[in-house]
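In what follows, structures are represented as structure tokens.
What follows is chain A paired twice: with chain B in the first complex and chain C in the second.
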Partner chain A sequence: MGLSIDWSGVLTGQPLHWLLSGLAVTLAITLVASGIATVVAVGLTALRLSPVAPVRLATRAGISVIRNTPLLIQLLVWYFVGFGLLPPGLKAWMTGDHPWSVLPGQVSLFAPEFAASAWGVGLFIGVFLAEELQAGLNAVAPGQREAAASQGLSGWDTLAKILLPQALRNAYQPVVGQYLNLMKLTSVTCSIGLAEITYQARQVESFNSHAFEAFAVATVLYLAIGFCLERVLLAGRRA
Partner chain B sequence: MAVPPVIEFRDVHKSFGALEVIRGITLTIDRGSVVVVCGPSGSGKSTLIRMVNRLEVPTRGDILVDGISSTHARGEELRRLRTGVGFVFQQFNLYPHMSARQNVTLALRKVLGKTQAEADAVADEVLDRVGLADKAGNFPGQLSGGQQQRVAIARALATGPDLLLFDEPTSALDPEMIGEVLTVIRQLTHQGITLVVVTHEMGFARTVADRILFLDQGRIEEDAHPDDFFGAPRSPRARQFLSQILSPLHTVGD
Partner chain C sequence: MGLDFTIIVKNWDYFLWGRTFQGDVGGLLLTVLMALAAGTLSLVLGIGLALAGWLGPRRLRTVLTMLADLVRGIPLILVIFWIYFLVPALFRTKVPGALSVILALAWFSSGAVMHTTLAGLDALPRGHREAGITSGLSEGQVFTALLLPQALRNLVPSYVALFASMIKDTSLAFILNVPELTMTANQVNTRAQIYPAEIFLFTAAVYFVLCSGLSWAAHGLALGLQPGHGV
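Our next item is the complex of A and B:
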């Protein structure tokens, strides 16, 4: 029983449609989760520089919890527990009909699967991004903060205008790596039923048993997204 | 006295852990005066001026700047106080990711709320005052040490402070660049701005200062007019310090 390869089983008809809609969902979740991760990372960095010691302590503890537990567990928690804890009105609105928010493959941006995935992956990577930024901040000369303080700049302006740009420059390469990790980790969200690339590849496999072809196509899609993302982010360094 | 002092130290002490750096300093500095602070390394000179705008916090005592306690000021009040006090660092501490002009305009826009156009106009004016109008677009990495320090002075001047503090402004410079920076500082004297300069440049101190503070082991050992300080220092430590720093091998051609 050798391996017979038949690309038409995945590159035509319904399987192709599934994989393309999976691609759209992966792109959407990558984009939204990246935004969340960025906000989380900047927020955590600001909290870590807080003059209030309990705030710094709580931030460290939160980072530690997220860093040291599996993403899969976190996604299951956000999906099964977190969503249930939202106010009923918000839940009803999220599961309601919003035609403008629907991605190809009937995936709504506000569906519990998408929301829990975007938040879960965004938070997870946001924490790692905050760690990279911290490493970058540690390499910024202490005199920079003193210069900003001596000019009367606020804590936020000091962070946004003086410290973060330099931290980002110092930690650029690993920061790009975290965004690439984020894109690849969106594949885990198939476990809570988000119909992204991996989910659709499995669907093709159970539909016509073309597992090799389906996962080969999925791999090429991830590779292509990753390559483009890396290009875009590395180009951003010069800007 | 008709004019209140711009800075007042009230029995100020400062320790870093077990190390006592400032041991009880009481002092007033008059508005518009030019004060040079000197003394051997480790005597507490830098700590003294860094406490004025609360870059260091006194362990005990109080410091008043224009009547406001910088030791106790927080938040908005502290930021307002700092905006009125220009600080020039030994290592320049320019923002390396910003051009000379952006270094100058940042606080103007973010702290004083000026528009970009207003801030740019001020930047051009102060960069011109330090002789660097043509370098406004350059980044710190593209400037010499002396030029960087002059940009830092322009940055400190931009917000229109009443008081400028210099923490060994020429100590990190190559010898050939010291003169250009001292010339810029000299031009700022007697324009109504109070200058407090920590420096080892005794030639500069002698010709520019109204008053010399000589610190040793966290105390003011001598507080004198430059003529008296250089002509007839009273304390043995000051005499020893001057004989070391003014040795024939040391250049004081300023």
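Our next item is the complex of A and C:
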């Protein structure tokens, strides 16, 4: 066994600072991407119920592309291609100085790495969330939709007030699973240079070779965030 | 936006097999080989664990399920780093990047295979076991001759779907500089500099064809394997 463990190489000074700022970035990206994923999921569900057939077809095609390609490739596309397609004014604003938007570790909420990561992970999980919602929706009796329509509710009101709450109740557990998955998948964003937990653990490893300690801390952090997130989301069901 | 795909045409062989003929397996070929190796390993491991959980005492199944949940609670990318950095520290041998990824994928996915297999066994009607016992078969015979073959046949589509997601996960080998499809694309992008859209969209298309093809196959299999279709 060639393993000697020295926690002080990770839990003091610069390495500790790196890991803590990584934790802050992971929490921030999880929060922002969850918001994006939620909006994407609801939007896709609405589009799938559209009365216009080409809209439904295009939505299905888009979902299929996101589901059948790796998240990493999608992140590379958003980072290397998507960012370049933004209007020049927006790009200049995003890369400009916004002291209020800077997270610990000098990561700006509008930096291309953060924006591409939040959008990429949010869209990816949003599609899987939409699939879970669809499964929940399939279990809602067709009469519900007809009853809402005969009460004079608009298409959007029917979805938001009648169908989605029931779909969510039917698919609560898998939906929670997708948000947990989102949190874990934020680790992939280290490959386009977002300084979250995994990125910082690697940085510690190349700084002082304390690979075991650094990855142990990272692992515990992910398990702890996952544990807390699951508690919070499952408490939401009772509320 | 005008796209110019000559960069793909010029490098198509590099995308497909990298430097395989120079003795360094790479490109799409390496992606498929890694997925096959990890798929086989996790199938064997996962079904083995499911059998242990099904046939063993109730408590064993609870422990196995808890362990599988714990494994899935850790991001795959961290599992890859664990294997890549820790095995050398423990055993003083270097692990090639591709092997680290294969082992990490197998470790990560065997839990999913176990869950799926147990669900398949749970889904069989109780009467089958009882009919077997009444016909004079032993518990062991009932399991190997009656329950397992039925469950496995029903499970083929789920296994194919798991394999498709495994192909996508091999792209994470990128972080260890393993020259599989995603890394290959990144190398071509770094060399060419000005064609990221063409290169990454093409790479996405390759994964899409592979994975959606498998999804369709799984769907077709699910229909074909339903009772009454005589496979």
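Note that in this section the second predicted complex is superposed on the first by the 238 of 239 C-alpha atoms of A that agree within 3 Å, B and C clash if a C-alpha of one lies under 4 Å from a C-alpha of the other, contacts with A are read in each partner's own complex, and residues count from 1 in each chain.
Here is the rule we use: a contact is a pair of C-beta atoms (placed from the backbone, for glycine too) under 8 Å apart; a residue touches a chain by one contact, two chains touch by 3 or more.
Treat the numbers as computed from the prediction; the structure is a model and nothing was measured.
Asker: Is the arrangement of chain B and chain C around the shared chain A a clash or a fit after superposition?
Answerer: Fit - chain B and chain C, as placed by superposing on chain A, sit side by side.
Asker: Which of the two partners, first being chain B and second being chain C, lies in contact with A:I5: first, second, both, or neither?
Answerer: It touches nothing on chain B or chain C.
Asker: Looking at the overlay, what does A:A201 touch: chain B (first), chain C (second), both, or neither?
Answerer: second
Asker: Vertex at chain A, arms to chain B and chain C: angle between C-alpha centres to the nearest 10°?
Answerer: 100
Asker: For A:G152, select first, second, both or neither according to whether it touches chain B, chain C, the two together, or no partner.
Answerer: first
Asker: Does chain B (first) or chain C (second) touch A:L185, or do both, or does neither?
Answerer: second
Asker: Counting only touches as set out at the top, which of chain B and chain C does A:L223 meet: first, second, both, neither?
Answerer: Once the two structures are laid over each other on A, A:L223 reaches chain C alone.
Asker: Return first, second, both or neither, reflecting whether A:I162 touches chain B, chain C, both chains, or no partner chain.
Answerer: A:I162: touches chain B, not chain C.
Asker: In this superposition, which partner touches a larger number of chain A residues, chain B or chain C?
Answerer: C
Asker: Counting only touches as set out at the top, which of chain B and chain C does A:V39 meet: first, second, both, neither?
Answerer: neither
Asker: Have a look at where A:N68 lands relative to chain B and chain C in the superposition and call it first, second, both or neither.
Answerer: second
Asker: Does the superposition put A:V232 against chain B (first), chain C (second), both, or neither?
Answerer: neither
Asker: Could you grab the smallest C-alpha gap between chain B and chain C in the overlay, to the nearest Å?
Answerer: Distance of closest C-alpha approach: 25 Å.
Asker: Once the two structures are fitted together, what part of chain A is touched by chain B and by chain C alike?
Answerer: In chain A, no position sits in both the chain B and chain C interfaces.
Asker: Mind pulling up the chain A residues that touch chain B in the complex?
Answerer: Per the touch definition, chain A meets chain B at residues 141, 143-144, 146-147, 149-154, 157, 161-162, 165-166, 169.
Asker: For chain A, which residues are in contact with chain C within the complex?
Answerer: 1-3, 64-65, 67-74, 76-77, 80-81, 85, 180, 184-185, 187-188, 190-191, 198, 201-202, 205, 211-212, 215, 218-219, 222-223, 226
Asker: Under the touch definition given earlier, write down the residues of chain B that touch chain A in their complex.
Answerer: The touching residues are 53, 55, 78-83, 85-87, 89, 91, 93-97, 106-107, 110-111, 155, 159.
Asker: Which residues of chain C touch chain A once you look at their complex with the stated criterion?
Answerer: 1, 70, 73-78, 81-82, 85-86, 89-92, 164, 168-169, 171-172, 174-175, 182, 185-186, 189, 196-197, 200-201, 203-204, 207-208, 211-212, 215
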